[in-house]
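Across the two complexes that follow, chain A remains constant while its partner is chain B and subsequently chain C.
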Partner chain A sequence: MDKLISPESLLAAAEQVYAQGQHPLTAMFGRDETAQGAGYAIYCCFELPEKKDICVVKAAFEPEGSLSYPSLTHAIPAAAWYEREIKDMFGLTAEGHPDLRPLVLHESYPEDFYPLRKSVRVNAKVRGERQFKMRTAKGQGLFEVPVGPIHAGIIEPGHFRFSQAGESMLQLDAKLFFTHRGLEKAVEGKTPAEALHIVERICGACSIANTWSFCQAAEKIAGAAVPRRAEIIRTLLSELERITNHVGDLGNMPAGVGFNPAISLGSRLKEQLMRLCEGIAGNRFLRGMIVPGGVRQDITQELIEEIHSTLDDVAEGVEDLAAMFREQENFQNRIRTTGIVRTKTAKDLAMVGVGARASGYAHDSRSDFAYGIYPELDFKPYTKTMGDVAARLLVRIGELSASFEMADKLLEMLENCQGMPLCADVEYCGGEAWGISESPRGSNFHFLALDGAGRIDRLFVRSASYPNWPALTIAVQGDIIPDFPLINKSFELCYACIDR
Partner chain B sequence: MGYILEGLALNIVQALVLLAFAPLLAGIISKVKARLQKRQGASVLQEYFDLRKWWRKPVILTPYTSSIFILAPIVYFMTSFLAAAMVPGFLAGQLTISDAFVFVYILALGRFFMSLSSMDAATAFGGMGGAREIYISVLVEPAVMLAILINSLRYHTTTLSGMVIDYDGAYFTVSAALACVAFFLVILAENCRLPVDNPDTHLELTMIHEGMTLEYSGPLLALIHLGSMLKMMVFLTLFGALYLPLSVPLAVKILCCAVLIGVVEILNNKMRLFKVRVYMGAAIVLLLLAIIAE
Partner chain C sequence: MFKVLERIFRDKIAAESISLKGSARFRGRLTGTAAADMLPQCQAVCPVGAFQVQDGDYQIDYRKCIFCGKCTDICAAAVLKEGIQADNLLHCSNEDAMPYLVAAGKEVLAEVLHQKLGRSLHVRHLDAGSCNACDFEMGAMSNPYYDLHRYGVAFAASPRHADLLMVTGVVTRNLEQALRMSYEAMPEPKLVMACGACAAGGETYGDTYAVLGGADKIVPVDIYVPGCPPRPPAMIAGLLAAADMLADRMK
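What follows is the complex of A and B.
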């Protein structure tokens, strides 16, 4: 923790660190320290790219004192969702917030229920009623289109409310968090090793990113040094996860416009990659590989060769896919100038990942932070400036070729450090730390606080989809509603990541 | 009197034959698409299985619907069936009740009822589908009329059976070639195929024809699907008889067209909704050129 202040001075302190957007807001979350004799606290984390560090500002509330603080949202738009979540989870009110509707807890929860307070048991059963109003535009000839939470495809639940003027989308409000699992609460009181199994199941698309961020935090608290071979394997797995998801996303985007051959090729390549993952980890989602201190399993010489040959195959397939996209004029017509997010919007919302980089905002944890083997790989973020569906598609294609190159180098490094140790011993003590890694969808941030016995007191998870969801609702404005599936697929946001 | 009844019977027999093979045609198009994607694909008989499935299921109605909702699928199916009886087809000695204008507006009647029913259940998807269907039909109608006008000018008649292409080989004019290409574009738009509509999407927000059928279930859904498949069959029959200047049996022509539609659908993706007018504009310009050439 870099700054400890009172809630009243949070706004001033945050604005100072934020420096008009030079240091974007990574995350903001609450914590209940009443068990330690203190009150509630709010943590604000800002990225300091020039120092490759994160600045943590902590506002500590007096025990039994007022539960409100000045809202940051007007100065730092990215804080909007965090402040709503803190209100839902801890009952701390951001005074002056423009939109303090509930975010996580829907109509069936009682009014004064704050699940992340320590006084609420993890298996508490509640039932009640509260208001959850959707935001809609009113006017003559305007109408609403409700979509979801149950969709025609096999996807996760989310409710979208479109305010329409004919085919044009005027406004979109998304109601998410339908299947919030309370994982942050469930891990409290567990050791990091026990919690790991839950953490790597937060989301199917970024299990490596989630475990890696979590382990970074745990290792920082324990002061453990990860062996070099383990770091190489982690970096390789992370790139494999990126390749698998980027290829899957590329195959998914043409589904928004019924471009069938590209869908088929994309799903074939993704299947090939998932089978490779199964060969490495014993499961298709690369679970069970990363543990605090290092990795659990080695990547043998045989596997190295298999990875080589599969990636060569897939790289060729990706080239075919990219050519298909390039040569299909009708497809190009659909993706260009559709769903634009401008650079200013991307920065204001502190967007991450592909969405940010396609809008000319070069945000990538692999270069913004020194972790894993990335500093040795001479990595540069790949950006496009248009911010439309086409840009997000091209960023994925560009990043894939960078990932193929990095994977090659990493495999070579692995061959050169045979037989080195895989895992260091980890002894936990009390403390708090953050971890960050770049998931396929963007930066993945974990904050971990352990009590004196080395058990989890607070875990906060901010996956990449969290800051990008609000950007989707802005990207669609002015486009026509039949383009929504395409725009949505170009972001490929995750529901499970925010339903943690 | 006797020959009228006999002729009428022939018309009905033809409609029944087309009806019987319509699901097979749809199955063949799906199969071609699947194979071109290197997928195994469902059996070409799948549409028959689906129809049987829907036929056995109960109809579920929302309490907000009126009688239009039940009437529309029946009218839609009947109009397709009537069109199938009128189209110049396989059997000689049919009655020449097949006036081209009656034919076009019988099909329009079916579309009109479907658009009405799409708004009846007051769901957003249905209304959007209906609005888009009308938007597209406004563009398709002049194209179909122009296409008919070409043959009408050539043969000095407005009955469909009088317009059938003569296969003597002396018939390869610029006008016929242009009309052939243009009418194929019209078929794709009229039957909700790519690149205008996506027949196998699950994305409610982009649906046109499928959007209108979302609220239907059971036998009513089966009627709508059968009606659309029959309409496709009717259009391909008409295309084969009037616009495809090849001297091969009609069934072969239809089969070739089905394969061609599968290929075109694989080579294309759905266009932006408001681009449809450019697409239909192209068809109309081709037809105008054909009329000038005629």
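What follows is the complex of A and C.
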């Protein structure tokens, strides 16, 4: 805890640490400490890149006291969603928030149901009704296009309400959190080892990032030192996950414009990578590798060779794919100047990952924080400045070559530390800590608090898609509605891990 | 343009015959035996209640199993500790657990993959609260290696055009209505597949305020596919068995 304050002074304290955006808001969440004799609390986590650290500002509410606090959203736009979520989950109200509609809980929940309060049972099946109004633009000749939650393709569920001026999208409101499974409540009372299978299944595409952030936090609390070989393997898995997802995205983005040869080549390369992942982990999504204290399975010499040969093949395929993109002029026509996010917007919304880096905002946990083997790899974020679909495509291609290089170095390191231990013993005690890692979509932040018996009292998960979703709704403004699938795919935001 | 064509011709045909065997490390169907005193420990360590002990032997409920390998890990650890030789110790084989036909009360046979022609099935996917792994694998079925179209199976954009509703994920409160409405919108005869441990067993995350459980809590399920997520070959076997079921119902 870096700063403990009262709720009334939260705004002033947060603005001071925020320093006009120098220290972006990484996460903001509530906690119920009534079991410890205190009241509710709100944690604001700011990133301090110059110190490679996070500053935690905690506002503690008096037990039985007022449940409102001044909203940060006007000063720190990135706080908008977090404050809505805190209202849904704990019933703490941000006074002066411009849009306090529900976020996570839809119509079937009653108005006064706050699931993350300790007084609510984990399996409380309370039924009720609440309003969830979509935001639309009104005016002569304007019309609405409702889409979802079930889409025409194989996509995750979300409801989009487009306000159209002819073909142009004037405004987009997204109703998300359809796959909200109550995972932060589900892990409460479990030990980190018992909760691991749930954390691993928050999101399919970022299993490694989620487990790594979670285990980092658990290991910090327990004071466990992860063996070097395990750190190398974790870093390698993280890069493999990035390569698999980025290659998948390169094959998926052309699907937004029906560019079939590229879809076919991209999905073929992705399948090769998925099979490689299965060879390493026994699961095509790399599940069952990272555990608190280290990793569960070794990467043998045989596997090292298999990784080398698959990555060489895929690297060649990615070059071909990049050449296809470059030379297909009608494809270039569609992706250039489409779905622009400006640098200022990216910083205001505290965007992360590919979305941020394509808008000239060099945000990357691999260089902003010291974790895994990254400090030894001399890594620099890859950025573009245009902020359009083309920039997001190019950032992925650029990052892929960096990842291929890093994987080579990591494999060499692995060969030089054969036979070293894979996992340290972890003894849990009470405490709280954060963990962060760079998922393929951007920084993945976990906050973990354990009680005296080493059981989870609070887990907060902020995946990379969380801060980027609001940016998507801004990026589409003014573009034509047929470009929406393309813009959406260029962000490749995940629903499951924001919904939790 | 010419470069694109040249690249297409350079690739050979990738479509391959479907194999229900994964890589050496793949955690599939459980096999082998465990000492009687280990069985209760296996049951206790199973996070989803799939491992059941009955009459001194074990049974796996493949609807629920997430193939995490915790039960096999503790057996291996115990053997290592005691230093005894154990033949055929409980372990995950690298074979996919097969899809299960609810009405027939039996598993789908691998032979279903051999008959390729003479089927047609239109599938509507419905994510009822999944982690997106099943959905990614569903997308992978259309890649050049598995090439789902060659079996006469296609994904439909609307439930009104679908023969089969392929449900993934534990059904969440926020998606309950979408699942009901999609099912009701389908024409008869219609089938429902619960794909993956969440939709089939509903125990992946335990019982929370936000989930209702497996797909069969809301709609009648005809076939379920085990796996977390199921590999594409297992999904394809399930789809082909469903196509055969549909043909029987149309007779």
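We take it that the second predicted complex is superposed on the first by the 500 of 500 C-alpha atoms of A that agree within 3 Å, B and C clash if a C-alpha of one lies under 4 Å from a C-alpha of the other, contacts with A are read in each partner's own complex, and residues count from 1 in each chain.
Here is the rule we use: a residue touches a chain if its C-beta (ideal position, glycine included) is under 8 Å from a C-beta of that chain, and two chains touch if they have at least 3 such contacts.
Everything quoted here is computed from the prediction, not taken from an experiment.
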item: Fit or clash between chain C and chain B when superposed on chain A; value: fit
item: Which superposed partner A:Gly204 touches (first chain B, second chain C, both, neither); value: second
item: Chain B versus chain C as contact partner of A:Pro261, first or second or both or neither; value: both
item: Which superposed partner A:His106 touches (first chain B, second chain C, both, neither); value: second
item: Chain B versus chain C as contact partner of A:Pro485, first or second or both or neither; value: first
item: Partner with the higher number of touched chain A residues, chain C or chain B; value: C
item: Contacts of A:Gln477 with chain B and chain C, given as first, second, both or neither; value: neither
item: First, second, both or neither for A:Gln22, with chain B first and chain C second; value: neither
item: Chain B versus chain C as contact partner of A:Gln328, first or second or both or neither; value: both
item: First, second, both or neither for A:Thr337, with chain B first and chain C second; value: neither
item: Which superposed partner A:Ala152 touches (first chain B, second chain C, both, neither); value: both
item: After superposition on chain A, the shortest CA separation from chain B to chain C (Å); value: 5
item: Where chain A meets both chain C and chain B, residue numbers; value: 152-153, 261, 264, 268, 328
item: Chain B partner contacts - residues on chain A that touch it in the complex; value: 143-147, 152-153, 167, 254, 256-261, 263-264, 268, 328, 330-331, 333-334, 480-485
item: Chain C residues touching chain A - in the complex, by the definition given at the top; value: 1, 3-4, 7-8, 11, 14, 22-27, 47-48, 66-69, 73, 92, 125-127, 129-140, 142-145, 155, 157-159, 169-170, 172-178, 182, 204-211, 228-229, 231
item: Chain B residues touching chain A - in the complex, by the definition given at the top; value: 33, 36-39, 124-125, 128, 194-195, 198, 200-206, 265-266, 268-275
item: Residue ranges of chain A in contact with chain C within the complex; value: 105-106, 108-109, 115, 120-126, 149-150, 152-157, 177-183, 185-186, 194, 197-198, 201-205, 207, 248, 261, 264-265, 267-268, 270-271, 274-275, 278-285, 287-288, 296-297, 320, 323-324, 327-328, 494-497
